[in-house]
Every structure is written in C-alpha cells, then in structure tokens.
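First chain A sits with chain B, and in the next complex the same chain sits with chain C.
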Partner chain A sequence: MEKMKLKLLYADLQSDIRVIEKELETALDSSSHYLKDASLHLLKAGGKRIRPVFVLLGAKFGQYNIDDMKNVAVPLELIHMASLVHDDVIDDAELRRGRPTVKSQWNNRVAMYAGDFIFARALEYMTNIQNEKAHQILSKTMVEIVQGEIIQIEDKMHLNQSIRDYFRRIKRKTALLISSSCQLGAVAAGADDSVAHHLKKFGYYVGMSFQIIDDVLDLTATDKQLGKPAGSDLLQGNITLPVLLAKNDSAIRPYIEKALSGDMKEDERQVFLKKMRSSNAINEAYHISNLYLQKALKEIEELPANSVKKSLKDIALYMGKRKF
Partner chain B sequence: MEKMKLKLLYADLQSDIRVIEKELETALDSSSHYLKDASLHLLKAGGKRIRPVFVLLGAKFGQYNIDDMKNVAVPLELIHMASLVHDDVIDDAELRRGRPTVKSQWNNRVAMYAGDFIFARALEYMTNIQNEKAHQILSKTMVEIVQGEIIQIEDKMHLNQSIRDYFRRIKRKTALLISSSCQLGAVAAGADDSVAHHLKKFGYYVGMSFQIIDDVLDLTATDKQLGKPAGSDLLQGNITLPVLLAKNDSAIRPYIEKALSGDMKEDERQVFLKKMRSSNAINEAYHISNLYLQKALKEIEELPANSVKKSLKDIALYMGKRKF
Partner chain C sequence: MNAAILEEHLLQSKNNILTKLHHRTLLQYTGQPIIFDGQLRYILLPKLNGEHWPKKIEQAVNAVAMVYAALNGHEQINEQDAATKRQQLTVLAGDYYSGMYYATLAKIPDIELVRSLSEAVAKSSESRTVLYEPMKRSMDEWYKILEVIESTITCRFLKHFNLDSYIEIVKNGLVLERLKRELQFLQEKHMKTPFLKILEQQQEYAGMNNEQILRRLISNLSSRLIRIITASPILQDEVKTFMLQHVEVNVEAQITMKGVE
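And then the complex of A and B:
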C-alpha cells in the first residue's frame, strides 16, 4: 500500500527504475547459493529504492542518460542494502520489513559475508563510473557510513546522551547516503556545481526528516504496520529522538530503563507504548522533523527551473509527512 | 626472526615499503577511537607485506613510480587485512600472530565494522588509481575473495570433501590476492600484457604453495612459533590438505573426528599432533606445495630479463620452503 503511493510519485521514472531493479538482480548473482539466496532474499523484500530515484531525479538537471546513471544508482542501493544486512547483525534483529532478516534466517556469519559480498559488488559496479569526482564522493560516503555504524555501537544503551549525538548518528546512518544520491545524480550527469550543492543539501535535510519520522513510527505504528514489534529500536538499545525527549518524564523513565535492561515484559511494552504515544515527545519529534523538511523544500527553490522540481517536492513531502 | 630474514630479501625496496607502511597508517586513521585502535592493533601486529612487495616487484617490469604504485599496493594490503578481521569472526579465533584478535580484544560487532571500515578505506584509496584495467582487476578480486569466504563456511566441518575442494578454497583465500598483486604491479606500471600474464600465474602458484606450507605449519610448528595452539585450523573446523591426506589413516581418523566434534582434550591434541607429524601426510603435502613452487619458478623464466627476477625467485623459494 505505502509502496504503491510512492510509486505514483515517480511514475515518469518507472521504466528506468525497472532497468535498475534488473541490474540489482544481476549484481547479486553468485555461484554460491548461500550468497545468492541471502542477497536475493533482501532484494525481494523490496524497499522504496529512494536512493536510485534521487539519483535519477538529480541527473535530470544535467545530461540524463540511464546507462550512465545506473552505474551510480546501483552501487548506492547496494551499499544501502549491505549496511542493512550488517546492521541487523549488530541489532540482533529478527525481522525487517515483515520478513526474517538474513541473520535470523541463516546466521551472523552468513550475514556478515553476505554484507561483504554486496559491498564488493557495489565496488565492482563503481568501476564502470567514468567520472572521477563521482567516484570520490561515493567512496568517501562509504567510509563515513561505516564510521557512523561504529558510532551507533558506541552510543547504544547510553541514555545519557544529547540530542546532538542523535543527530550526528542519523546523519551518518541515513542522511548522508540520501544526500550523496541526490548530489551524485547531478555530478555524474555533469550538472552545474551549484545545482549539485543544493541537491546535496536537499538530500541531507530530507534524510534527517525521514529518519526522525522513521524513529517516531517505530513507537506509534502498529506491530503489523512495522512488520516487527513496535518499540524495537529501544528494545535493541538504540536511543531515538522521541525517547531522548521523553527520558526526563518520570512516568516514562522507568519503562525506558526497563526496556534497556533487556527484560521488559509484553504488558510493560504495551504500557510504555501507550505512555509514549500520549506524551508530548511525539509531537516535538514531528515538529523537529518538519523543520528539516521545510529546509529541504527551501533548497528546491534554489534549483533552476525544471519539471522534476515538483517530483522532488512531492517525494520530500511524502517522506516527511507519512503517517506510516 | 622470520620477518627479519624476509626483509633482507627485499632490501632494495626498503624505502618504498616504508612509504607504504606510512600510508597504511594514515589510511587507518579514524575519528572513532574504537575503529582506530582496532585497525592499528592489526597494523602493528605486522605481517609480511608480501602483497605490496609483489606489487612493487611487478611494477619494475614497467614504468616504476612509487606514487602510482602505492595507490595499488595500499588497497591490496587493506583488503587482505579486512579479510583477516572478518575471518577471525568466522573462525572464533582468539589469537593471530601471537596477539589477541580484534574480535577477542573487542567483540564480534566491532570486528565486523572494523573490517567494513578497512574495506571502505581500501575503496577510498582505489579512487586514486587512474588505470581502469587495474580498477577492474582489483574489484573483481575483491568479489571473488568474498565469495571464497562463503565457500570456506560451506566447507567447514565436512570431512567428506575432496582435495579439489581444498584447492578451490585456498585459491580464493590466498592465491588470488597474491596473484592479483603481482599482476597489478605490472598492469599499473604499463608493462606488456604477456609480462602481466606470467606474473599473474607466478603469483597464483606461489600463493598455492605458500598456503599449503601455512597449513602444514599449523600442524608441525610449536604453539610458540605459531602464536596460537598448533592444530588450530582443525579445531576451528577448517579442513586442510594434511588432514585430507591423513583422514583415512585409522590411527588418526578418530582424533580428527574428535577435534571436529569440539571437545578434544589437551592431551588428545598432543597425541593427534604427534601422529600427524610422523605420518606421511606431511611429506605428501610438502611435495604438492613444491610442485606449485616449481611451476612458479618456471613462470619467472618466461619473464624478460630484469634484475628483479632474482628477487621474485628468492621470495618464492623463501615462501615455499620456510620451515616456520
């Protein structure tokens, strides 16, 4: 359902998205059944392919050519997928998008190498990119994402952290790759530097807004909508914005500590979710997300006239406003 | 002691090796103390830097330039290091080169991301390589290595495998990267295709010979020499050539099964090692290693006259003959 709506937003890109989808499938082919199954499992689970879409939209500001663009879009999506596989190992996650994770269906070791494999394929794909600047942006992004993954481990379980720590984390975890996707489309298509610059900032703000919403939904959506238990973030030790905003509320604090201690019972989880949902923290988090969204929309205004500006805006609004 | 002797073999390259050593240290710098400590821990543990040395020697057949060559040598060594970190997670290894592994000093999660980080840095470094063919060889190598890592998991614990399975495994695990190192030096320095081809084959044969010796030494060297308990390979479920050659020996078979079952006692390990050492399997394995070594030496003969041919030969003999 959700995916359907999003697809309508980029209807013009349908055939090019299909090209990328096909390439992703080819890229994940392997002589090892283990690797192939684990990777395709992830591919079939879907995902919104937001990063490739942003590459294509960014490229519309330059010399658009799907054959060049897929060389950028495919590795970006692969890097995203690889980081999901490795994150699931770290988080001990059993479910993603309503399906068992690679690590739960196979095991941590297969998940580790499946992630490595997908990274390596991304790298192989990148060798097709002729544009040196695009190369550098992509590899730098990859280094920063991995560094971000370590920060995420370092920050886990620590309730004594600032909102600034949270922003730093989601920047690397989410905003960076979306930002690079928007930028890279423009760079690889030879658009003006200033266009690439505004797209980069646009992607950053959209990514921040999006991740905050994602973290809110982890608390406000139903288990069924999420495809995993609501509150999973906290139960896995990941401290998100709504929790940071609620942690000094004496009615909620004990539940947060309980969740982090690792032995929260099912009825306690229900009470915790109920209290969170009726607290101010959710509204505050939405508000902050919306501030980022507004900044993203402002960046669009800075871009030269182009029919895709409306698509960028629609997708940003979609990502920053979604109720689930 | 061992490292000293090897250093003498490439005395002429000393200052260039130091350049690479310095670059490795820079490449592993990170704002995350976790990552920096874990990576430098691995770097300081040493290693023979065989891959960079082969890059430099191969490059001597073309336009040798350390500034170009380091762009190839550094990522090759980084890829090697990253795969070591991830392998230690798979093998549950506590010690490497006499020091605690990243996964035992920190934990599996840090080890996983430290490996990712080192891979990402390798990738970042590769963007400096201008030569497209070198890019393709390097990325293809990386994909094959990772696929090899999965094969290693698939083959683990299975005594019912052929020597061919073993060869396939060590090819990907070891021979491929050494082979690519030799080839890449020549390619990046613009040497003739036939030179690159023979160097590639040379590296493959040396790598096979080397890994077989390594697997023999795991059984014949002392715990102290190895920096970990002798027989570790089998105890971790990795079936090596000597074990495959000895597995039908009724005096040894029960010990092999015991080791794989995971509850071998210390005195049983001692008996197992004694029996292995006095079996024919060790000599047979040495013999097979030597066949590869001879093939490697033959490839050197095919190369055009060059003063480094003697160095290639010396290093090959060193790697294929070492007693420890």
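And then the complex of A and C:
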C-alpha cells in the first residue's frame, strides 16, 4: 500500500522505471544456479527503488535520456541491494521484509559471493558512463558508506555516544547514497554544477530525515509491519536517535540497558515499546526529522524551474512522513 | 637481478598496498588485508621481468591487489562465528577494499579497467558459488572453475596492458598457489574446504585420501609449470630461476610429505 502511494508520486517516470526493473533482472542473471535464485529472491522482495528514482529525477535537470541514465540508476540500486545482502550476514539476520535472507536460505559464504557479484555487476553497468567525475563521486561514496558501517559497529552497545555520533553514522549509512543518487543523475546528464550541488544537498537532507523516520518506525510500527520484532535495532545494539533522546528517562533507561545486555524477555520488550511510544523522545525525533525535511525542501527552491521539482518535493514529503 | 632483489621488490609493493589499505579499526579486529605472496608474485611477474612499468600500471597493480584482498577477506567468513565483531568487520573489510579498488582506478582514471576487473570479479564470484552447488562435473570442468576463481582477475589486468604473453604462466601459477593453500589448510585445520569435498567425490580419486589427492594435483601442475617456465621465450634467466625456485618449493614440500608418510 505504502509502495503504491510512492509510485503515484513519480507516475511520470513509470515507463522508465519499468526499463530499470528489466535492466535489474538482466544485470542479476547468472550462470550460477544459487546466484540466479538469490537474485530472483532479491528482485521479488521488491523495494521502493527510491535511489533510481532520484537518479532519474536529478537527470531531468540535464540532457535526459533513459538509455544513458539507466547506466547510473541501475548501479545505484544494485549497490544498495548488495549492501543489504552483506548487512544480513553482519546482523546474522534470518528475515528481511518478512522474507528469508540470502544467508539464511543458503549460507554466509554464498551471501558474501552474492553481494560481491552484485557489486561487480553494479560497476560493470556504471562503466558505460564515460564521465570521470561520476566515477569519482560513486567510488568515494562507496568507501564512505563502508566507513559508516564500520563506525556503526564500533558504536554498537555504547550508550554514552552523542547525538552528533548518531548523525555522523546515519549520514554515511543512508544519506550519502541518496545524496549521490540525486547528484549523479545530474552529473551524468550534464546539468550545471550548481544544480548538481543543490541536488546533492537535497538528497543528503532527505536521507537524514528518512533514516531518522526509519529508526522511529523500528520502535513504533508493529512486528507485522516491520517483518521483524519491533525494537530490533536496540536489541542488536544499535543506538538510534529516539533511544539517545530517551536514555536519561529513569522509567526507560533500565529497559535500554536490559536490551543491550541481551537479557530482555518478550514481556519486557512489550513494556519497553509501550514506554518509548508514549515518551517525548518519539516526538522529538520526528521534529528533528522534520527539520531536515524542511532543509531539503529549501534546496528544491534553489533549483531552476522544472516540472520534476514537484515530484522531488512530494517524494521528500512522503519519505519524511511515512507511517512504515 | 638476483632472487633477493626480486623478493625485495615484492615486499616493497606489498607494503605499499598495505599502507594504502590501512584502516585502524580493521587492522585491530581483522588484521592486515590478506594478499598472498604467491598472488602478488604472479601479478608482478612482468615487472620483475623488466617490462616497462609506468606509474599508471603500478596504480593498476595496487587496484588488482585490492580486489584480491577483498575477495580473500570474504573467504574468511564462516558459519560458526556469526555476528562476532571480528566476523562483522571482516565482511566490511572486504567491502572497504572493494571500494578502494574502484576509487584507485577512478582516480587514474582507467574506467575500461574498472569494467574489465568488474567482469572478472562477477565471474570469479559465480564460480566460487558453483563450488557449493550440488552438481556433478568432470575433473576438467572443476579445474576450469578453479582457474576462473584464481586467475581471471590477473589475466584481465595483463590483457588490459597488452601483457598477454604472461597469461599461461600466471594461470597455472595461480592455480598452483591455491592448491598449495588448500593443502596447508587441510594440514593445519584438519577440515575440508568445498573444493576438497568435490575432489573426493571424483571417481578418478577413489581410494585416495584428501592429502594424497592434493599432492597428486600439485605434483602434476608443478611439473607442467616448470616446463612452461623453462621453455618461456620471454622470461629472463634470473626471473626463470626465481620463479622456478618457488614452484620447486612446492614440489619439495610434496616430496617431504611423502617421506613423512
């Protein structure tokens, strides 16, 4: 349902998104049966395809041609997919979006090879773009994303981290790839540098807002909506913004500590979620997310007149207000 | 150049690559990136043999070694240590080295080599996965799969720089290095890798244990490689001697083991 709503926001791009979907299938085709199955599995799991959408929207500010732009949009989605496959090994996750993960369906090694295969395919596609700057942006982004994940592991279980640490982490974990998607679309389509710069900033702010909402939803959505137990982030030791905002609340802190110690029972998880949901931390986190959203909307105003400005605005608002 | 100088060249290159991949946290939890000396020896064979070696090729070598570091690192992931900090960071170390290889080539820039190496990584990853698939294949087919896993990346690099004449030596040499590591793993860990499990199912090795199978493969391949290197019209004499020494170390190791048995 939510995905349907999102699709309506970029209805003008539907035929181009179908091209991207087709290319994703081609890109993931493999002579290995396991990789072929794993790829199909990933494609069926769907996803919002938000990164390709941002690439295409960014490209609308330059010389737009789907045959060229697919070579940027497809790798961005593939990089996202590959990182999810590896993340499931890192998190030892059995389920993603309610479906078995590649690592649980086969094993950790196959998941590693599948991720490496998808990363490689992403770069193969990208090399159809003969623009040095685009490659430098994407490669830098890839390195920084991993650095962000390394920091996330370093910061795990550390309740005494600051909100600044959290922002630094989600910037690299989520905002960078969205930011680069917007920027790369513009760069590859030959748009002005200033346009690419504003799109980059727009993507960054949207990404920050999006991740904060994601972290809030991990606590406020139901297990069924999430396809995993609510509160999983904390149970895995990831300290998110709502938890950082609530950690000094004496009624909540013991539950946070319990979750981090790995001793939290099911009834305690339920109490914890109830307390979190009624705390001010959720509202505060929403407020911070909204501040980023407003900054994103401001960046749109700086862009030259173009019919896709409305789509950018609608998608940003959707991402900043989504319910799950 | 004598063997000591050639070894020094290799060591310098390795240190240079390790410096470029240095990451404090990764070093602390996962150790140095894994680039096997044997792999580096074959990647750098044309340089050791005195080929013209501008900065661009040196940077490309760094990128190729980074690809190996990424894939070698991901080979360390296992099923037992799920979600330990070391395992988590090993996953990320491989991804980091992958990103660094792309960044290195994007900076040169050499986008054609990115394409070529990416195709090779995709092929290598497919072949690695095939080792886990329950499908019967002949020994020749398995050998080809191992060859793809071990040598496609270096062969693509050599082709890119018109160094095709080294490919036959490199292909055989890199597979030999892999077999050597398989044997070492078996002796140290007493565990079977997916490749060994496949080997012992081959009819032609019926009645032989894993070590005997590996010894036979190593011996046959070493003999072939010695013939190829000795007859090579492109290798300088000192380089031939140097490379043969390393191949013969493998052969000697087999003889020693036979003696122990």
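Just so it is clear, the second predicted complex is superposed on the first by the 324 of 324 C-alpha atoms of A that agree within 3 Å, B and C clash if a C-alpha of one lies under 4 Å from a C-alpha of the other, contacts with A are read in each partner's own complex, and residues count from 1 in each chain.
We take it that a residue touches a chain if its C-beta (ideal position, glycine included) is under 8 Å from a C-beta of that chain, and two chains touch if they have at least 3 such contacts.
None of the values given here were measured: they were computed from a predicted structure.
Engineer: Let's test your reading of the overlay: on chain A, do chain B and chain C clash or fit side by side?
Structural biologist: Here the two partners, once superposed via chain A, clash with each other.
Engineer: Quick one: classify A:261 as touching chain B (first), chain C (second), both or neither.
Structural biologist: In the superposed model, A:261 contacts neither chain B nor chain C.
Engineer: Touch check for A:109: first (chain B), second (chain C), both, or neither?
Structural biologist: Both chain B and chain C are touched by A:109.
Engineer: Now for A:136: first (chain B), second (chain C), both, or neither, which partner does it touch?
Structural biologist: So A:136 meets both chain B and chain C here.
Engineer: Let me test your reading of the model: by the given contact rule, A:120 touches which partner, first (chain B), second (chain C), both or neither?
Structural biologist: both
Engineer: Determine where on chain A the residues touched by chain B overlap those touched by chain C, and list them.
Structural biologist: Residues 30-32, 34-35, 86, 89-90, 108-110, 112-117, 119-121, 123-124, 126-127, 132, 135-136, 139-140, 142-143, 145-147, 149-150, 153-154, which sit in both footprints.
Engineer: Enumerate the contact residues on chain B facing chain A in the complex.
Structural biologist: Per the touch definition, chain B meets chain A at residues 30-32, 34-35, 86, 89-90, 108-110, 112-117, 119-121, 123-124, 126-127, 132, 135-136, 139-140, 142-143, 145-147, 149-151, 153-154.
Engineer: Which residues of chain C touch chain A in the complex?
Structural biologist: 23, 25-26, 70-71, 74-75, 77-79, 82-83, 85, 87-89, 91-92, 94-96, 98-100, 102-103, 105-107, 109, 111-112, 114-115, 118-119, 121-122, 125-130, 132-133, 135
Engineer: For the complex, give me every residue of chain A touching chain C.
Structural biologist: That would be residues 30-35, 83, 86, 89-92, 106-110, 112-117, 119-121, 123-124, 126-127, 130, 132, 135-136, 138-140, 142-143, 145-147, 149-150, 153-154 of chain A.
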